[in-house]
Amino acid sequence: MFFASDNAGPAHPQIMQAMLDANRGYALPYGADAIMERVTARIREVFEAPEAAIHLVATGTAANSLALACMCQPFETVFCSPVAHIHEDECNAPEFYTGGAKLTLVGDSDKMTPDSLRAAFAAEETRGVHGPQRGPVSITQATERGRVYTVDEIAALTAVSRDFGQQAHLDGARFANALVALGCTPSEMTWKAGIDAVSFGGTKNGCPGVEAVIFFDPGKAWEFELRRKRGAHLFSKHRYLSAQMEAYLTDDLWLTSARAANANCRRLADGLAGVPGVRMLHDPQANIIFADMPRAVHKRLQDGGAVYYLLAGDADSGDPDELLPSRMVTDWSIGDDQIDRFVDLAKG
Amino acid sequence: MFFASDNAGPAHPQIMQAMLDANRGYALPYGADAIMERVTARIREVFEAPEAAIHLVATGTAANSLALACMCQPFETVFCSPVAHIHEDECNAPEFYTGGAKLTLVGDSDKMTPDSLRAAFAAEETRGVHGPQRGPVSITQATERGRVYTVDEIAALTAVSRDFGQQAHLDGARFANALVALGCTPSEMTWKAGIDAVSFGGTKNGCPGVEAVIFFDPGKAWEFELRRKRGAHLFSKHRYLSAQMEAYLTDDLWLTSARAANANCRRLADGLAGVPGVRMLHDPQANIIFADMPRAVHKRLQDGGAVYYLLAGDADSGDPDELLPSRMVTDWSIGDDQIDRFVDLAKG
Amino acid sequence: MFFASDNAGPAHPQIMQAMLDANRGYALPYGADAIMERVTARIREVFEAPEAAIHLVATGTAANSLALACMCQPFETVFCSPVAHIHEDECNAPEFYTGGAKLTLVGDSDKMTPDSLRAAFAAEETRGVHGPQRGPVSITQATERGRVYTVDEIAALTAVSRDFGQQAHLDGARFANALVALGCTPSEMTWKAGIDAVSFGGTKNGCPGVEAVIFFDPGKAWEFELRRKRGAHLFSKHRYLSAQMEAYLTDDLWLTSARAANANCRRLADGLAGVPGVRMLHDPQANIIFADMPRAVHKRLQDGGAVYYLLAGDADSGDPDELLPSRMVTDWSIGDDQIDRFVDLAKG
Amino acid sequence: MFFASDNAGPAHPQIMQAMLDANRGYALPYGADAIMERVTARIREVFEAPEAAIHLVATGTAANSLALACMCQPFETVFCSPVAHIHEDECNAPEFYTGGAKLTLVGDSDKMTPDSLRAAFAAEETRGVHGPQRGPVSITQATERGRVYTVDEIAALTAVSRDFGQQAHLDGARFANALVALGCTPSEMTWKAGIDAVSFGGTKNGCPGVEAVIFFDPGKAWEFELRRKRGAHLFSKHRYLSAQMEAYLTDDLWLTSARAANANCRRLADGLAGVPGVRMLHDPQANIIFADMPRAVHKRLQDGGAVYYLLAGDADSGDPDELLPSRMVTDWSIGDDQIDRFVDLAKG
């Protein structure tokens, strides 16, 4: 009953098998392997972007930080949600990779609105050389709260950044979960909606560790390669990254896995809806839900061995009715039996 | 007949199998996996260093840059050979990770001498606040020219750095190749010889991509963890790194593979010694050799499909006797048949 | 009628004379001049801090950024007000000098409270290696809104940072204005209240360009010197900085000038209180006031040649009663006649 | 008898007077002062460069580092002499400001040659993404050894950098001394010879502290302004920088002072030529000479109170004939009497 994160589950067997298959003979290092050629072609096809520059790295933080470093000068600021991974969970990696750019927090929720974004852009307006200069917006899809921007919402945000002459980055650590939730195409959710660069996640959706960075304008390709190498993120035995990504994109495995993860989340939410005293924060859209649960429910789950996060510390008040805010994440692999057992435990 | 690099061959099947075996159920992310606990214990045992801090990253450049960032202030300079990987092959990653420290090139060969190192340290002496301040020495073992420092040579270099109050780093991308060449223990080649931190390579010796950073004084452990995260080198699905390293160290696989790679190099060198006109630069010590070969020999090898590097460009002079400087690297996997075929081709 | 900033007025004649006096013969460069020896002794005396490390730079941004760089690791975050100069007006200089640390904005006003600071510190608590680590607090005295922390308020803030094991920096660009407002001693406003390092401003209070950085614990002195040099802020002809600071501290010129500036502000505020429709934001404490003034008043002032800032842009609505938020700063040199003329103009 | 450096002498009285004159009333801050407008016009006129972007900073290290930061990416390397100020005397400031670029040392003397520069550029050729990428060349005029590049020599160096697609920076801390030595125009020594950006020094030639950075292509102006602010080098009370530079350029004061300094050096060299046992390293070209002098001579000078640098430490061997390498710098202000007394002392 592991609901703590989608980065703790197993990798999909087809992806592990692809790594094994790639382990034959000699392969050119540093991204010049034959598999990478196919990966590039495949991602371009999937995104209907025949010119896009495609590069692989092993962590989402690397994908985000390197992408932003190519889009943002050190005297600029990146606009993002206050709960964005780049702000809260990367230990200043974006600041490091951009050479000391700032992050400007937009609004007070996981989803930026065009109004809050426009206000934030405008606020940097009057200080000339003294304040940080405007840089790109970074949009997280799906958000850290498990919500999904509609295509129109993304387009509205990128329209604001474009009004101010700035680019738009999509942190797609959970790209696939959002995509299948929306039922749109990758191009609709990205460049057709004004996105310039994407961190296209694999790790949270069944890969051992691979993310693609996609620039729809290939003009940044060489700079990205240099920054990747300088950041120590260029793999010599690159074929094992390529192989993961190739398998991930083969036979729609990435979509199938994301649908499974989202369906697991729906099953969990539906189950919890029947538990007295439990209050869901949002209707589940992707594979994360937040719920306030009575301490008594939490205690039963803990005693039963369930693993998930409480958002605040848990100084036991002793009050069984005290509501504890909790987060649960479902990956592709968690079985119905696990979910049902969790719900049964919660019911008591 | 692939002799271009030891990063282009296949990973060892036992290591791939270990990754498969690790792919079961849920595991705590970010280095908290159970396999990592065993890896830490095992490396401490191998190095006879029960207090050492052990961390894994996926590239050698990350290992070097992060280790140096913990040992060197941005206003200091790292002392290294002019052909050190950190100087020539990391696209300013050490400068990036240290926040802009300098690299001071010592002597004019792959091996620093105590005299050249002392002279370089002393030369930074007289400028007070104006010049870069002295920082650590970084020693590459085996060197980029395939030579191996003796234990006494390492101790003599670290004695110099200690005289100036500085620490010593060992770039051990080919640690195992050097170790089996010397026939000493890991502790003798490192902390007993005055080394403070080691980049302990796995990738060039049969792993898909894993390096350990070892600090013998664990006081830097937490800073390293923060710098690793900030550098985007902390893997969420860390178990796949741990599994590689565990298999690498099981049943002496790392030593067996290094012995194989070195023996392959010896076989290649012995074969080439019999080729008229070919001149070896050094007697092979690890798994790299440099040879000047007549253009005619080179042409036969190229035509036969052999892969290796020429050190200078190859503007064809037409002169069959012109000597071309070349580098050949043998990995653990290259078969005797490949080596023998290469030598036969060279003989013509 | 110049009320735009205290950095636009003339330097005090005694300070200019001191620079002239210093311009005789040869002087050791880079801070080794004899005047600097006297400045160090004098600042130690003024602050009752016989061990303090004292260094001069030419800009307030340099003082703040270099001080913070010695107090904050690149993976940490500095706590400050959302309107702090270090956040709004230094074009990412603190991020640059710290190597990419973050700034965490505390509360929503110019003055942090112990509660808001404690909440901000606590919020960084639960993310382990993932979030930025806690760094120092930076307190601006007087604030960018012209308000002054009491000694107790400062002590309460530094107590919070000390609870979390962190240091406290005081941005004293308007140190003297605050000091004379409180009527306390420099030591009471700083180290006795828990402050570890001070940017002690001269430029806004009658110097052409000099600020002292004071570390009460001299252990950081050498690191500061190296960071100052590396930041290109070490003056070769340092005596002209020393001479400014010496004159500034001679015969209480710094206090006299600050008292004059504050009194000028009081006179201005008292005058504006009699202008119908003008609303003061705060009672004046130092030498800055904020006032909402009817457009008609603003127009008269503009037409009369008065210079000051409107906080929002001025898209003329045509409505003479529309309230425009404005900021006025008084320096030591502005004459009563200028102030009275300004008030008369406002009255119409 | 002060010959240690040209940064220890007094500022020229006309320049001090100009600062006094500037100290009247209110002036717009941050470079918007009226004097700066005139300075910009004047430098454009002096350099016959009506489009050039002109900015002032207070230190030579700031001028160099900020100029290079606008010309060089963090993954590139700057080509310079091994004795360049940017390499030896700026405590890693260029590395800091460029975000971690490298400095590649060209040749083994104070003057680069086209051949040594071409070889250095070519050597970075073959490593693709792995090595640092080529960046600009930085030429010091006059050199740290007091020698002056001819216009043709400068043009030959910039031709090499242009061949590799790179720009050229001139570190002109002693620009005026070189210019009057050559007897050419500022444009001939800079943009007509292929220079893209100049650090135009004032501090070593009679100013308290001011340097202009000149970009002949104004496209970098805004980026420079942002980097200057972010580096904390934008002065609020900028008029005192402007006033220095205006006086410096008025009535050819800068040329007169440089001619005086060079003539002083010539007089010193001529005098020392008559001292038995003293060996000059170069014929004096600007205002620095290097001489090997017998210990007995050195002792007489020291005892007489002369101040200058020995290049190596002075562990007294007791041998009166031992030759000690020394450096002497003459500024504009040193009197003939001081020089003659120095020579007389040396003669014994």
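When the chains are written out, they are named A, B, C and D in that same order, and each has its own residue count from 1.
Everything below uses one rule, namely that a residue touches a chain if its C-beta (ideal position, glycine included) is under 8 Å from a C-beta of that chain, and two chains touch if they have at least 3 such contacts.
Listed by chain with UniProt protein names: A, B, C, D = L-threonine aldolase.
Note that this is a predicted model, so its numbers are computed, not measured.
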Touching chain A and also chain C, the following chains: B, D
Between B-D and B-C, the pair joined by more C-beta contacts: B-D
Label of the chain whose CA centroid is most distant from the centroid of chain D: A
Centre-of-Cα separation between chain B and chain A, whole angstrom: 34
Approximate Å spacing (C-alpha centroids) for the pair chain B, chain C: 51
Interchain centroid distance [CA atoms averaged], chain B/chain D, Å: 41
Multi-chain contact residues (two or more partners), chain D: 74-75, 90-92, 96, 99-100, 129-130, 133, 226, 229-230, 234
Contacting residues of chain B [partner chain C, same complex]: 30, 73-75, 99-100, 129-130, 133, 223, 225-227, 229-230, 234
Chain A residues touching chain B - in the complex, by the definition given at the top: 2, 5, 7-11, 13, 16, 19-20, 23-29, 57-62, 65-66, 90-93, 96-97, 203-204, 208-209, 226, 229-237, 240, 307
Parts of chain C lying in touch with chain A, wherever the complex brings them together: 74-77, 88-92, 95-96, 98-103, 105, 125-127, 129-133, 313
